[in-house]
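Same chain, two partners: subunit A is paired with subunit B first, then with subunit C.
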Partner chain A sequence: MIKNYLKVALKVLGRRKFFTFISLFAISVTLLVLLVATALLDNVFATGAPEVHADRMLGVYRMTMKGPENTWTSPVGYAFLDRYVRPMAKLPSVERVTITTAAESVVSYLNGRKIQSSMRRTDGEFWRVLAFDFVEGEPFTTVDDENGRRVAVISETTRQRFFDGRPAVGKTLEADGQSFRVVGVVRDVPLLRYSSSADLWVPITTAKSSGYKEGWSGNFSALILARSPADLPQIKAEFQSILRGAEKQIPDPKSFKTLIAGADTLFEGAARLFVPGPPVVDPAIQLRAALLALMLGFMLLPTINLVNINLSRILDRASEIGVRRAFGASSRTLIGQFLIENLVLTLIGAGVGLALAAVVLRIFNASGLIEHAGLQINARVFLYGLAIALFFGLLSGVYPAWRMSKLHPVQALRGRSA
Partner chain B sequence: MIRHLLKLVWNRKRSNALIILEICASFLVVFVVATLGLFFLDNYRRPLGFEWKNVWNVRVGIPHTGSGPGDGGSPEQAALFERLLREVRSFGAVEAAAGTAVTPFDQGGFGGSWTIDGKNVEMAIDEVTAGFADVMGLKMVAGRWFQEADSGLAWKPIVIDRELARAVYGTADPVGRPFGKPEPNERQYRVIGVVSDFRKSGELMPNDNFMFRLTDLRAPDVRTPSNLLVRVRPGTSPEFEEALVKHMQAVAPDWSFEVLPLAQVRATSSRFFLTPLIVAGTVAFFLLLMVGLGLIGVLWQNLLQRTREIGLRRAAGASRAAVHRQVLLEQMVVTSLGILLGTLLVVQIPVLDLIGVLSNRVFASGLLFAMVTMYLISILCTLYPSTLAARVQPAEALRYE
Partner chain C sequence: MINLRQVSKQYRTDRIETTALDNINLEIGKGEFISIMGPSGCGKSTLLNLMGLLDEPTSGQVALDGKSIDRYGDRALSRVRNERIGFIFQQFHLVSDLSVVDNVEIPLLYRRMSNKERRKAALAALDRVGLSSRIHHFPTQLSGGQQQRVAIARAIVGRPGILLADEPTGNLDSQMGDEIMGILEDLNQKEKTTIVMVTHDPRMADKTHRVVRLFDGRQVQ
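This part shows the complex of A and B:
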């Protein structure tokens, strides 16, 4: 039966080539846009080098300190993380904890040339929480960090800029007025990997002054690697109870009474960025709802368009439908048949959209709009795309199919539709 | 005539309803993108109020200041900053230098909301040292700019822009007048001068109400500026940048320095605003192309179904042009209905005051642009199907069935 439907579907597509072309154009452009957006989101939130353990990684990215008159939201200070989050490594469900600064822009001058890089100061554990792909040398260690050694891990792009791509381990480079000995070179990290990306990683203790050690707000975040994804809820709860305890020790208790923060997944961390205040609804749910609304809003116009085209196509086939009705096909059969036809069309369109998306992403990556973007269609994006295509196919097929099934057989046989 | 057309449209209300909906949705898409574009264009035409060429911004990274609660910096840091300013000015290539809390063109910044005479006035605020007006080439329209000696006053001097002066004082001369009411234990603000404009966020953003406060590097409670602006002589080579940074690094080894010409900050800032517009514009273009092709198909199909009706008209003596006109006018009615629906939705924005920064002019131009675009698309899409319809031979049409 299904085979028959497929046959009919393909025949119909071949019959009215202009209509097929407009439908395919509409479907593929719609899915192209959605696929590119999906690839972008995937690049930020899903597992990917070096955040290969994203499924069991939590981060303390930002903290809001709140008092009767004041609210202060910023990345977290080293003192807070060192005192309250780093000891969480001792929990049985936690494998490791690392502390890192946000990537900051630093400048170097090389033979009269100016080089801008983004630099992260971090610790030895960083390299074991995240899986960087070393092309040369190795990471610096906790011992390096404790002793304030001026060592650096650099990205391939940095190696290209400073050393013309030649082996760099053992050489020194200057950044932000300090010089560092290169100990390792890693593959470039997409800029959107916001808990790991940089061009240059050096130990925290190489900071120019020890001022960073004070203060609960600053420029740091911590990453917590759990032993398994199942442990995440328990670790989150544990962090909240630690936070309640920390509230009693706030350095400036007159201005600030409560702390709002979370051990967040990448997605929750981003959501917290948009919902700074004390959340009424879980920020992650809000962000998810916003993204869904955006997607549906975008799909509105293409859907109406496709419904319109589909209706026209169907009415064109009024006599065929009349025959089928006259020979006893039920409404349900006709709806089913038409939905399948529409899904076939949508999936073909999705295929075209996928191919176009691959091209657009390649252009996007080459454009350097987002550094080392490396956007791609991986299996996950492909599956999302498939799901979106099916949804789109159903959405745009249901109403025309229903209209079609309501055609009166006699009128339909006469070729009249209205 | 119109009544007749409306009747024709009403007769096919089901298929026309969907077309109206489609035109309404497209209209909204065009309106949003066009209004955003016109908003930028409208802002771009206005004077910026400062000169950014040959100005470099040096971001000064001071270990742990101003980045947290109760962390306002120290007099030692302020003194070091003052020394930096002095040393920088001593270079021959430097024309002027000043400290500022906010980098021009940068999107971050301070803001304030004051209640003045019962009115709520929002403004952007910057804290700058006295040299700022020289570095940025500000134009005074009334009163004067800050002087070093202003720090000793019993009140706090401020300079405001015309926009803020108008918002607070109307047409009265603001110079010498108190500004708002002081907080307990704070000194009174008093206006000493008015600058023409200061559009800190750049050409693409609207005129903000703007207030300058004086940073007195010798005051005990001073917040050390986080940026040092330098106006260099035209034609200064980029190599000077390295020498400048090396020198500052030697004066303040614990601090970090990053030089960015304002031209570069400006480019980044424009990209920040224009990239979404370009992306939205491209997507909208393809959506419209999709809608256009869809309309051609749907109209074609609709007319095919009306072959007999058209044939009858032709047989009764209607010319091809008359058929053409009928099809076109019918489509215009449908389009107008879609646009009307869209307009009714869109006018909620000013009625409910949803977007404050949108001026009436930009709003109206956006509306007009969207209308014209939709009519054009509609006409373009009707041409081919209506030509086909007009070609219908009466005999052929009547034979149908």
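This part shows the complex of A and C:
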């Protein structure tokens, strides 16, 4: 039966080539955009080097201090993280904790040439929480950080910029007015890797001023590596408990009374950007709902287009529908047939969309718009794309299929669709 | 085999009500070859559609083998049409995108059968109507008579007990019409298939066992 449906489906597509082209164009472009967006989101949020333990990693990225008349939201200060979050490493469910700054833009001068780089200051545990791929040398350690040694790990691209790609370990580079000795070189990290990307990494204690040690707001975040994904809820709860205790020690108690923060997955942390206050609904759920609504909204126009084209095809096929009804096809069977035909069209469009997305991603990566993007259609992105295509096929096929099944056989045999 | 008792059919729009059939009482026995005649618009096709369960009477009862189909839902009616009834249309109504053999297989798609069994039955039906050499042709490549023979093959492939033919020779010349009529007679005599045929042609009607005449939706004579 399926073979017969497939034959009919392909023949129907060939009947009105222009409409088929319009349908395939709409489906493939819609899929293209959604696949590229999925690849981008995958690059940010999914497990990938060096954030290979994303499934058991939480971050404290931002904190809101709230008072009767003031609200202050920012990345977290070193003082808070060092006093309240670093000790969480002693918890049985926690493997390690690291503190790092966000990547900042710094300037270097080499032979009269200005080089702009992004620099991240981290502690020694950073290299044990994240899995960087070292092509030369090794990371700096906690001891290096404690002693304020001016050492640096650089990326391959940075090695190319400063040392023409030659071995760099042991050599010195200048950045942000400071000299650092290179101890390791790592593979480039995609810019979208929020917790880890940079061009060079240096110890926190090499900061020009020790002022970073004070204040609960700053430019830092902490990453907490759990022993297993099952430990995450417990760690989150523990962090909230620590937060309640920390409220009693707020540096400016007259202005601020409450702390709002979370030990979050990266997705949850991003969601918190949109919902900084105490949410009624979990911010991650809100962000997922918003992304889903955006996706559905984007698909709405091509879906309506396809529904209209499918309805006009029914007119063409009224006689065939009448014959099938006469010879024993029930309404349910006809709905199934039409949905299969529509899925065939959608999957062909999806195949075209997938091919286009692969080309577009290749161009995107080569353009350097997002450094070291490495966007790709991996198995996960492909499966998302397939799921979107199938959903699209069902969505655009259900109403026309239902209309088709409701055609009165006698009317249909007369070639009438109503 | 087919029993219509006080069957009427009205079509209603917002403004008018049209009576297509009025108080039809008809019994057709197993193995009979009946023709239905009457002027255009007298309700012949409507009567055939009711017998074929393609439409419902406004009042009255239609029964197959003593069982009333009043309360049958869509799936039950579809099953009865698939297993018990075959249709032959004046316009042939072949699916132009499918080959001859794929067209003939259509009724069998809605039965639990393997592809092999389905293909075997379709080839046997085509052989029965003398079209074994055309199985991979498409309807547009066939003459009118050949297309109608494909339609007959499609109608008989599931070995239904009843064939309903709506002016099967109406679009054919006399020679082709005689060929088609010959196939129907053969089916009736050899396989005892019950056939109800709508026709305008008295020559064709004379070859049947009985003629039912309609006028303005009523049985006459």
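One rule holds for everything that comes next: the second predicted complex is superposed on the first by the 414 of 418 C-alpha atoms of A that agree within 3 Å, B and C clash if a C-alpha of one lies under 4 Å from a C-alpha of the other, contacts with A are read in each partner's own complex, and residues count from 1 in each chain.
The rule is simple: a residue touches a chain if its C-beta (ideal position, glycine included) is under 8 Å from a C-beta of that chain, and two chains touch if they have at least 3 such contacts.
Source: prediction; values computed, not measured.
> Which partner does A:V410 contact after superposing on A: first (subunit B), second (subunit C), both, neither?
A:V410 sits against subunit C, while subunit B stays out of touch.
> By residue count, is subunit A touched more by subunit B or by subunit C?
Answer, by number of touched residues of subunit A: B.
> Is A:A131 in contact with subunit B, with subunit C, with both, or with neither (first, second, both, neither)?
It touches nothing on subunit B or subunit C.
> Quick one: is A:S319 in contact with subunit B, with subunit C, with both, or with neither? Answer first, second, both or neither.
A:S319 contacts subunit C only, not subunit B.
> Just to be sure I read the superposition right, which of the two partners does A:D176 touch: subunit B = first, subunit C = second, or both, or neither?
In the superposed model, A:D176 contacts subunit B only, not subunit C.
> Is A:S331 contacted by the first partner subunit B, the second partner subunit C, both or neither?
second
> Could you say whether A:I22 touches subunit B, subunit C, both of them, or neither, answering first, second, both or neither?
Once the two structures are laid over each other on A, A:I22 reaches subunit B alone.
> Would you check which partner chain A:L292 touches, where first means subunit B only, second means subunit C only, and both and neither mean what they say?
In the superposition, A:L292 touches no partner, neither subunit B nor subunit C.
> Tell me which partner A:A237 touches in the superposition: subunit B (first), subunit C (second), both or neither.
A:A237 sits against neither subunit B nor subunit C.
> If you lay the two complexes on top of each other, which residues of subunit A touch subunit B in one and subunit C in the other?
In subunit A, nothing is touched by subunit B and also by subunit C.
> Per the contact definition, I'd like the list of subunit C residues that touch subunit A in the complex.
Its residues touching subunit A are 49, 52, 54-55, 74-75, 78-79, 81-83, 86-87, 89, 91, 93, 95, 97-98, 102, 105-107, 109-111, 115, 154, 158.
> Give every residue of subunit A touching subunit C within the complex, in rising order.
1, 3-4, 7-8, 11-12, 15, 319-320, 322-333, 408-410, 413
> Help me check something: in the complex, which residues belonging to subunit B touch subunit A?
12, 14-15, 18-19, 21-22, 25-26, 29, 61, 63-64, 67-71, 238-239, 241-242, 245-246, 249, 253-259, 275, 283, 286-287, 289-291, 293-294, 296-298, 300-302, 304-305, 401
> Of all residues in subunit A, which touch subunit B in the complex?
Its residues touching subunit B are 18-19, 21-22, 25-26, 29-30, 33, 65, 70, 72, 74, 77, 104-107, 109, 112, 114, 176-177, 207-209, 211-212, 214-219, 251-252, 255-256, 298, 300-302, 304-309, 311-313, 315-316, 369, 414-415, 417-418.
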